[in-house]
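The chains carry the letters A, B, C and D, assigned in the order they are written, with residues numbered from 1 in each.
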Amino acid sequence: MSSEAAVAEAPHNTHRVHYLNANYGVRSWLLTKDHKRIGILYAISMTFFFAIGGIMAALIRLELATPAGDLVQPDTYNRLFTMHGIMMVFFFLIPSVPATLGNFLIPLMIGAKDLAFPKLNLASWYIFNIGGAITLYALLHGGVDTGWTFYAPYSTSFSNTWVVVTGVGIFITGFASILTGLNFIVTIHRMRAPGMTWFRMPLFVWSHYATSLIMILGTPVVAITILMLAGERLFHIGIFDPAYGGDPVLFQHLFWFYSHPAVYIMILPSMGVVSELVAAFARKRVFGYGFVAFSSLAIAVLGFLVWAHHMFIAGVSVYAALVFSILTMLVAVPSAIKVFNWTATLYKGSVSWETPMLYALGFIGLFTIGGLTGVMLGTLGIDLHVTDTYFVVAHFHYVMVGGVIMGYLGGLHYWWPKITGRMYPVFWSKLAALIVFIGFNLTFFPQFLLGYLGMPRRYHAYPPEFQVLNVMSSAGATVLAVGYILPLFYFAWSMRYGKPAGENPWGAVGLEWETSSPPPPENFEVMPVVVGEAYDYGKKAYSFPKQEAKLG
Amino acid sequence: MASTPETVAAAPAHGAEHPGLAHHFESYEQQRESASLGMWIFIAQEIMFFGGLFIAYAVYRHMYPDGFAAASAELDVKLGTFNTVVLIGSSLTMALAVRAAQLGRSKASAWFLIATMALGTTFLGVKGIEYHHKYVEHHIPGPSFQFTGEHHGQPVPANQARIFFGLYFGMTGLHALHMVIGLGLLLWLLYHTRKGRFTPDNYNYVEGVGLYWHFVDIVWIFLFPLLYLIGRH
Amino acid sequence: MSAHISSVKTYFTVFLCLMAGTALTVWAAFHDFGALSNVVALGIAITKATLVILFFMHVRYSTRMTGLVVLSGALWLFFLFALTLADYLTRVFVPVQAAAGM
Amino acid sequence: MWQNFPLFPDQASTIAPKVDAIFFFGLGVAAFFSLLIAVLVIALAVRYRRRRPDQIGEDEAPHDALEIVWSVIPLLILLVMFGWGARVYFQATRPPANAVEYYGIGKQWMWKFQHPSGVREINELHVPLGKPIKVKLTSEDVIHDFFVPAFRVKYDVIPGRYTTVWFQATKVGTYHLFCDEYCGAEHSRMVGSIVVMDPKDYEQWLTRGGGAAAPAASGEELFSSLACSTCHRTDSTVRAPLLVGLYGSQVQLADGSTVKADDDYVRESILNPQAKVVNGFQPIMPSYKGQVSEEQILQLINYIKSLAAPAGGATPTPAPGKKG
C-alpha cells in the first residue's frame, strides 16, 4: 500500500493533477499536510496493528478449542488476551473510521480545502505511531498480563510485566485521538462551505462531530488515570492499592469514565457510514434526518453518564447501581431511533445490493443484536449472572466486530473509488462480505450460550461441558479470518488493474461526489456553494458559481 | 457561524498580500476564530485532564478527612499565598501582553511577556523551595516516607498522609510541568514578537498562549485552597 | 467583528478583585465555618476563576461558541464528580479498616 | 466431548428462577426486535429493490409522531426491565436476617472457607440444603470474584474490605465455583465447588469430616498466647475494657461517639487499636498488625463472640482432634 507512488496512471486522466500524483517520493508522503494523504497513512499503520491483534485472536481461539490449557502457558495466554484487547481497542477500533475515512472525507463533504489545523493532523499520525511503537516494544519484551482494563491492585502491585511502558504507549496514542477530535470540531464549526448549514451537512459529519466531543472530553481522563497507575506502581502512593489505604474501585470508576464513552467513539463513526450507505443505496433522503443527527449528539452526551454499569458487582453501592442502570436504559434509546430510521429509509426507496450496502444491512442486523444484549447487561438482575462471562465477550464483539468493523469495511468499499479512482471486483467483494457475515455469527453467537452457562472471561482452561460451543466459536474464527484477508487482495489488485471510477460511480448525492476521483489537492477545482438540502436526489443541491472561469 | 457567505472570491495565492494567512482559510477572521476555538477546546480537554486528579482528591478527602487535615497542616500557607499572588500577577501581565499585541505595540508586548516569564519563574522557584522542604521532612511518598502527625488529638495513620502527599505532588507537579511548558511557549512568543511577526490582524499565537497561561492560573486558584487551606482551624 | 480590546483599567480592577479573593480565602481558612468551610473555599475559588475566564480570557466579549465550550468543560467535570461521589456517598462501607488505615 | 453438552445452567438456588425469569424477558425483547428489524430490512430491500439503473427513491415527509412512538415504546419496555432487574438485584444483594454466616477468603489462586462451627475447607464449601447461607468475603491480595453459576450468585472479593454474597440452595449436588475477576497467572485454576448436602448429612459431615477445633476454642488459645489476657481480664477493667458481653453492644468511645462492636470494630481494634479508643481508657494497646493472619483474626473474633454469653456461660468445650 505504501508504494503509492507506483500507482499506474489511468490513461484518461494523465493530464489532471490529483492528490496522489501532485508530488511523489517518500518525503512527500511522510511530511504531507494533505488530510487525504494523512487518512491513507493512518489506514496503513492501523491495518498493521489490526493484523497483530488478529494473530493474537487466532491464538486465543486455538487455545480455547480444548478444555485443558495445552497450547500455551497460562501466563502466555494472559498476555495474549491482554495485548489482543489493547491492540484492537486503542490502536485499531478507536481510530478506525475517524482517522481514515473521517480525515479523508470531512473536508470534502463540507466543501473545505483542508482540515483547520493540517500540521496538527500530521502530528496526530506521528503521535499515534510513536505510541504504537512503544506498546510494540513492550509487547516484544513480554507485553502485559493485566487485561486491557489494567484493574488495580493486580496492575499496581502484583503484576511484574511491562505495565508502565504499555501505559505510556497508550497515554501518547491518546493525544493522537485528542488532536483528531479537536481538528474535526473546529473544521465543522468554522470551515463549512457557504450555504452549508448544520442541517444540510451529511450525517457522516454529524456522527464525527459527536465522536470528536467524546474524544476531547473523555480521553484526558484515561490519560491521567494511566499516570496515576504508573505513579502508584512506582511510588506506592496508595491511590489504588488497598494495602496502602487506597480503593481499587476508584481506579475502575476513572477507567470506565473514559472507556465506556470510548465504545461510543468506536460505534458512532460507523453509524455515520451506515447512514451514508443506506441513503446512497436506497437513493433516498435518510428517514427522520433531524432525529438521526440529534441521536448522535444524545449518544455522545448520555454516553458519559453510564460507565458504572461495568461495575455492578465490583463493590459500588446498590443505590449508585440503580442510578447507572436507569441511565443505561436512556442511552439505548438514541441507538434504537437510528436503527428504526435506517429501516424506514428503505421504504419506497430504490435499494441496490452493491457490496457497501451488504455491509450496511449486515451492520443494522448485528448492531441490533449487540445493542439489545447490551441493554440486557444493563439490567441489574441479569447483569448479576452474566457480567464477566462470555455473554459480555459476545455482546461487545457483536457491537465492535459486527458493528464497527462492518461499518468500516462498508465505508472502505463505498469510498474506495473516490480514494483511488479505481473500482474493485464486484463478485469477490460480495463473497468476502458474505464470508465475514457467516464467520462472525458462527464465532460469537455460541459465546452467548457459553456466557449464560457461566463460563468466565479470561479462562484458558474450562470445564469440559463447555467444549462443543468453544469448538464452534474457534471454527467460526477461522472463517472470519478468511473473510478479512480477502479484501487485502482485491483492493491491492484494484489499485493497478481496477476499472477507472468516474466522479460518481454509485450515482450518490454528496459534495464528495461532485469532485473528481481521486480529488485534486485542494479538493475542488472551484469552491462549491450549497443551495439544496442533504441527500436530495430530486434536484441539484450544489452549485459552483465560478463554473465558467475555470481556474488554472 | 459559517464563514460569512460573501461571494466566493477567487482566492489569490495567500502568500502575497495576506502575510500569515494559511492557504485553506478564507479570511483572517476565519483563521482567528478557528485558532481561538481550537485553543478553547484544548483547554476543555485540560479541564478533564486535571479533573481526574481532583476527583481522586475529593474521594480520599471524603474517606480520610483527618489524615488530609493533618498532612495539609505541614504545608506552608505563607509561601502558598505568596505564590498565588505571583501567579495572578503573571496572569495580569499576560493579559496586558495580549492587549499590546492586539494594538500592534510589539515592544510593549515583549516587555509584558518578559514580566510574565519572570513571575512564572519566581513561582517555580518557590515551588522548588517547598519541594525541598518536603524532601527534608521525608514527606515524599516512597521508601523514605515518614509521617507522625495528629489531628484534634487523634494520631493519624501514615497511609492517609501518604495519599495526601501523593496527590499533592501529583497535582502541583502536573501544574508545575504545565508552567514549564508555558514558559517555553512564552520564550518562543517573545522571539517572534521581537521579530515583528504578530500584527493586529494576526496575533492568534499570542492570544493562544495567553489562554493557556490563564488556564494554568485557574488550576492554581483551585489547588491553593484545596491543598493548603484545609483543617487550619 | 474584530476581537474586543479591554481597557487597562478593566484589567487592573479584575486583578484587584482577584487579590481580594485570595486574601478572603486565606482569612476564611483560619475561621471555623463547620461544614460550610468547603462551600466557602470553593465558592471563592469559583468566583475568582470566573473573573479570570470572563475578563482575562475575553469570554465576556467573544462568540457564544466559546462560552459553550467553557460550560461544556465544566458540565463534564460535574458529570464525573456527581456520579462518582453518588457511589462514594451512598456506599455502606464495611472496611477492613486495619489493613486500610494502618 | 458430546456426552455432557448442556445449553442451559441448572437452577440450584432460590434466586436462580428469578434471575432466569428476567433473563428470558430480556431475551424475548431482544429476539423480538432483532427479528422485527431483520425481517423488515430484508423485506423492504427486496420489495423496493432497484429496477432501473437511474431509479431514485421517493422523498418522504418526516413523521415526527412516528419518531416519538418508536422512542417512547422502547423506553417504556426498557424501564420495565430496569424496575424488574432492580428488584431482583435488591433481593440478591440483601441477605435475609436468619442467614447463617460463613467466612470466605480469596487468596491468589485458592479459596479458603470457614464454617460457623469452625471447620475450615480449601476450594470446597459444604452447605446444608434449604438454609440461607451468607458468605462474608475478603481477599488477601488482588480482587477476586465469588461466582457460582448454578446459584446465579456473583460478587467481587475485594482486598481491604468485606463483601457478602448469600444463597439458599434448593438442589443437592456439587456445583462449580469460579473466580470471575481476572487475578493473575492461575486465574482459571482458582476454581472450586459448592457441595450441597441434606442437613442431616451436613451435620454428620461436620462432626466427622470437619474435626477442626471450634474456632472459639482455638481463639481462646490465641487469646492467651498473644498475651491479650494480660490486660483484657475477666476480673478487672483497670488496664483494658471487659470483653465479656462486648460483642454486639454499643461502645462509648473517647471522642464521645458510640459505635456497635461488630466484626469490623473488633478487627480494627486488634490491628489498629488507636483508631477507636474506648471512653475512659488510655490508648496503650499495641497493634497486632503483621503478627496475626486473617484466619487468626477470625478465630479471635469468634472467641470474643463466644464471650457474648453471660459470664460463666457454656463456652464450647474444645473438640477432641485439632486440624491445623
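Some points to look at:
Everything below uses one rule, namely that a contact is a pair of C-beta atoms (placed from the backbone, for glycine too) under 8 Å apart; a residue touches a chain by one contact, two chains touch by 3 or more.
Remember, predicted model here, so these are calculated numbers, not experimental data.
Two chain pairs, A-D and A-C, are weighed by contacting C-beta pairs, with A-D ahead. Distances from each chain's CA mean to the overall CA mean are smallest for chain A. Inter-chain centre distance (chain C to chain D, centres taken as mean C-alpha positions): 41 Å. The distance from the centre of chain A to the centre of chain C, each centre being the mean of the chain's C-alpha atoms, comes to 36 Å. Inter-chain spacing, taken between the CA centroids of chain B and chain D, is 47 Å. Contacts with at least two other chains are made by residues 159-161, 163, 272, 275 of chain D.
For chain C, the set of residues touching two or more other chains reads 65, 72-73, 76, 80, 84, 88, 99-102.
Of all residues in chain B, those touching 2 or more other chains are 1, 33, 37, 41, 44, 48, 51-52, 55, 59, 63-64, 157, 159-160, listed in ascending order. Touching chain A in their complex are the following residues of chain C: 65, 72-73, 76, 79-80, 83-84, 86-88, 90-92, 99-101. Residue ranges on chain D touching chain B, taken from their complex, read 255, 272, 274-275, 283. Listing the residues of chain A that touch chain D in their complex gives 69, 74-75, 78, 145-147, 151, 153-154, 158-159, 242-243, 247-249, 282-285, 287-291, 312-315, 318, 321-322, 325-326, 329-330, 332-333, 336-337, 339-341, 343-344, 346-353, 357, 361, 364-365, 368-369, 372-373, 375-376, 378-389, 449, 452-454, 456-465, 467-468, 471, 507, 536-538. Residues 2-3, 5-6, 8, 11-12, 15, 18-19, 22, 25-26, 28-32, 37, 41-42, 44-45, 48-49, 52-53, 55-57, 62-63, 65-66, 69-70, 72-74, 76-77, 80-81, 84-85, 88-89, 100-102 of chain C are the ones touching chain B in the complex. By the touch rule above, chain B contacts chain D in their complex via residues 152, 154-155, 157.
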